[in-house]
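Quick one: this structure, given as structure tokens, is what I'll be asking you about.
Lettered A, B and C in written order, each chain numbered from 1.
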Amino acid sequence: MDFRGAHIISVNQFERDDVEKVFAVANDMEPYARRERITKALEGAILGNMFFEPSTRTRVSFGCAFNLLGGHVRETTDVETSSISKGESLYDTARVISGYSDVIVMRHPQAGSVSEFAKASRVPVINGGDGPNEHPSQALLDLYTIKKELKSKKREIDGMHIAMVGDLKHGRTVHSLSQLLLLYKNIQFTLISPTELKMPADIVGKLQESGHTVLETDDMEAGLGDNDTVYLTRIQEERFTSKLEADIYRGQFRLNQAIYTRNCQPNTVIMHPLPRDSREDANELDNDLNQHPNLAIFRQTDNGVLVRMALFALILDVADKVEDSASTVGWYTESRFE
Amino acid sequence: MDFRGAHIISVNQFERDDVEKVFAVANDMEPYARRERITKALEGAILGNMFFEPSTRTRVSFGCAFNLLGGHVRETTDVETSSISKGESLYDTARVISGYSDVIVMRHPQAGSVSEFAKASRVPVINGGDGPNEHPSQALLDLYTIKKELKSKKREIDGMHIAMVGDLKHGRTVHSLSQLLLLYKNIQFTLISPTELKMPADIVGKLQESGHTVLETDDMEAGLGDNDTVYLTRIQEERFTSKLEADIYRGQFRLNQAIYTRNCQPNTVIMHPLPRDSREDANELDNDLNQHPNLAIFRQTDNGVLVRMALFALILDVADKVEDSASTVGWYTESRFE
Amino acid sequence: MDFRGAHIISVNQFERDDVEKVFAVANDMEPYARRERITKALEGAILGNMFFEPSTRTRVSFGCAFNLLGGHVRETTDVETSSISKGESLYDTARVISGYSDVIVMRHPQAGSVSEFAKASRVPVINGGDGPNEHPSQALLDLYTIKKELKSKKREIDGMHIAMVGDLKHGRTVHSLSQLLLLYKNIQFTLISPTELKMPADIVGKLQESGHTVLETDDMEAGLGDNDTVYLTRIQEERFTSKLEADIYRGQFRLNQAIYTRNCQPNTVIMHPLPRDSREDANELDNDLNQHPNLAIFRQTDNGVLVRMALFALILDVADKVEDSASTVGWYTESRFE
């Protein structure tokens, strides 16, 4: 695809080359995200960071990525405060807001809303999550993390073994990640979930048609062995009809030091899209693994900044110009990245 | 008036020369708003964008205008989160906040609040809307749009025919626009509204005293003909005592392609302050006109950025310096403005 | 202490030399806060301004201070919109958010939360208020103000007489200010409060052990005389179990022009942490003193910007580099500071 001026709405847009292009630019962004260098590549540009549904982490990550490229950020954080509550159509909102910025990140609770918005927008739009539907930058950062983690272990995405654990029915992140993995070869998926929360059959079917191996189980300990990566998910209360229904599943599958040691291979990478629910009745990924070198969850969010910088740089066509306006950093920075 | 360091509180402050001055500077801002050039005229300056009442569009438009001039923006979006709820007076708020910024835009639900705030402020204040009272930058962008639209049709404001449609009793925008038009000559106003929502008599009186012609009617189709501009308004539920009362009037006057073709002149410009209510029971300006070349509603909001840049540039006395620090844009921009 | 890369969590961290260091750098920041000069010392740096409890004044003051040093600001203003409500631990929040910024200011309703957050953060954290516990930048700006005000009267902190008035039991500001004053010598404290809202005995004890004199009274007029500084406080409803309980004390101690003239020395400086409650039933500091030259309350908030700039400059180690990238201001500024 041609990233220049493109909307980023769905992982389905990407060919394998596109994904690799994003990852290559993300690598180039490291010195800026690590505060070894600063760049003014987007000095004067404005990001419209339009969050019509709360998501502090994603919002700040996108805003930070744009600032790191030298640009300004204008934000909205609340659907209540917007004209949408006065009966404004997404078409109108898009026509208006796109006159205020050079690129827009939009998050909205309704599936399909960002795509509809993008059709009317006069500037490129990145989907920051449209309800239960898509969140492409999350899928990209997940896969980018897998690639980096495996590389340090001299493995690669093609041929890897990955376990996905938890609510695989509603989990937007595991759906999108699976979609991206269709572009790769010969992967073994172990899908661990309660029977009622299994990965949708159409996704399983597509994985199998692409030549991947899929194993499904509701026995977590049996499924954990023999994997390069274990990807855990949170029970998202907001995707269920009630807290009661969510409570049935919350805390069913938990990974902690003892279970990891008993079942996983010594090199198995632990991932989670975050936030993880650390309340006692959930605790899907125990804090006793916090110091484990294979716990990649905070490297994941750090990688999110790199991937989002890469998307901005590609869409606004400055990927090759970032270095031109670069300089060294004059303030205190410590080696904050692992 | 001397714009340097001035508060912009009301359209009543302006003489015709002042309005024309704003418009001339707004014209100069076009290359920056179109992202053909960037400027650092206000690099290091801080806008205090103080919204004690929600208005995403106005807030982002002002913030974007300030960013386009190179400045920083600090914001507040919620009266609940402010000291006002702890019993702080507007005097105190103004004294404190004005120590944080170089210029303040303030929106507040109470009529007169911004004027009171400005009296205590140590920096210039722009009224971003004080409840039902004033919203001067909206009136300026409306008139600026009329001027540009008519110019492209080789007409001008003096002598034009304009219809105003909808709730002319509560509509802040039509009141302020009428006030500004007192500075011009020989205009024909056709005021189309339900009898209960007629333009206040004192405004009608002032228009007539200034030599303008005023026709009033509740028959929309009869009133639409023979106009250079039709200015539609929304039924603003928040100005009525109940949703029920607002419902009586909602959707009474609608403009769509068929009605336009049947009644309007081929060159009639369609305007609306936005947001327009696109819900079925309102739909005061139909989406079937969205591609019509005379639909100026999105050019209006684009012009809002230009007019707000002009106000900042004049108040902070950099209108003549914008070009000095200008440079070309290095990132992808498409021709996004019509 | 070594400010470079340090967390600022509590006033207990400081030795007298540290406090004086902050004040010296704050003095150097004056030309920038007065908009006589701009600096790019922190160009490219990002502040994570994380407010999990509302505080417009403190939030904007920190944000403004960072902008004045040339940096970007990313913000959060609402606990409801954050991952914390999805069961995320402070540890996780800190690990994630600290990947997005170069320094974090955090405000949170729970005592001890910011300290816990800082332990997991990979970048320096400044406590912007952790519930009833600490708010060190407020204490620093209060003491900085006292120092400047007394200096103009050719007095100094050592040996001064200060009255503290109001709710001395819950008042975080008077506790922290007292703590800082332990570092100074031979001060006379007059603590004026209702019997039920007296200064905690442990603080009184520490003041006395440090060689200070402490007088306690519930008779305001008797206590006001013979002071260099009178520090008034607000009855903070949120610190009481009910509005009713707060109402018992609200408005018990009021300072106005008549009481000031009757009791205070002509040079007595009036301070208040703001916001002051100007509602009729509270009115702890009357508006009839607004023009009084010894009313220092707005100089206090102005000084807050200087002190916060100093903290950022010291923590990020640019205090000596601010001047290197400095230039004159090209836009309109008036002498807005007293």
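Observations on the structure shown:
FYI, a contact is a pair of C-beta atoms (placed from the backbone, for glycine too) under 8 Å apart; a residue touches a chain by one contact, two chains touch by 3 or more.
Being a predicted model, the structure only gives us computed values, none of them experimental.
With chains as nodes and touching pairs as edges, the resulting graph is complete, every pair of chains being joined.
As for how the two copies chain B and chain C face one another, under half of their interface residue numbers coincide. Chain centres here are Cα averages; for chain B and chain C they lie 39 Å apart. The set of chain C residues touching two or more other chains comprises 75, 77-78.
Contact residues of chain C toward chain A in the complex are 4-5, 41-46, 48, 72, 74-78, 80-83, 86-89, 91-92, 95-102, 122-123, 315-318, 321. Residues 35, 38-39, 54-57, 60-61, 63-64, 67-68, 70, 73, 75, 77-78, 234, 237, 274-279, 282, 287, 290, 298, 301-302, 305, 329-334, 336-337 of chain B touch chain A in their complex.
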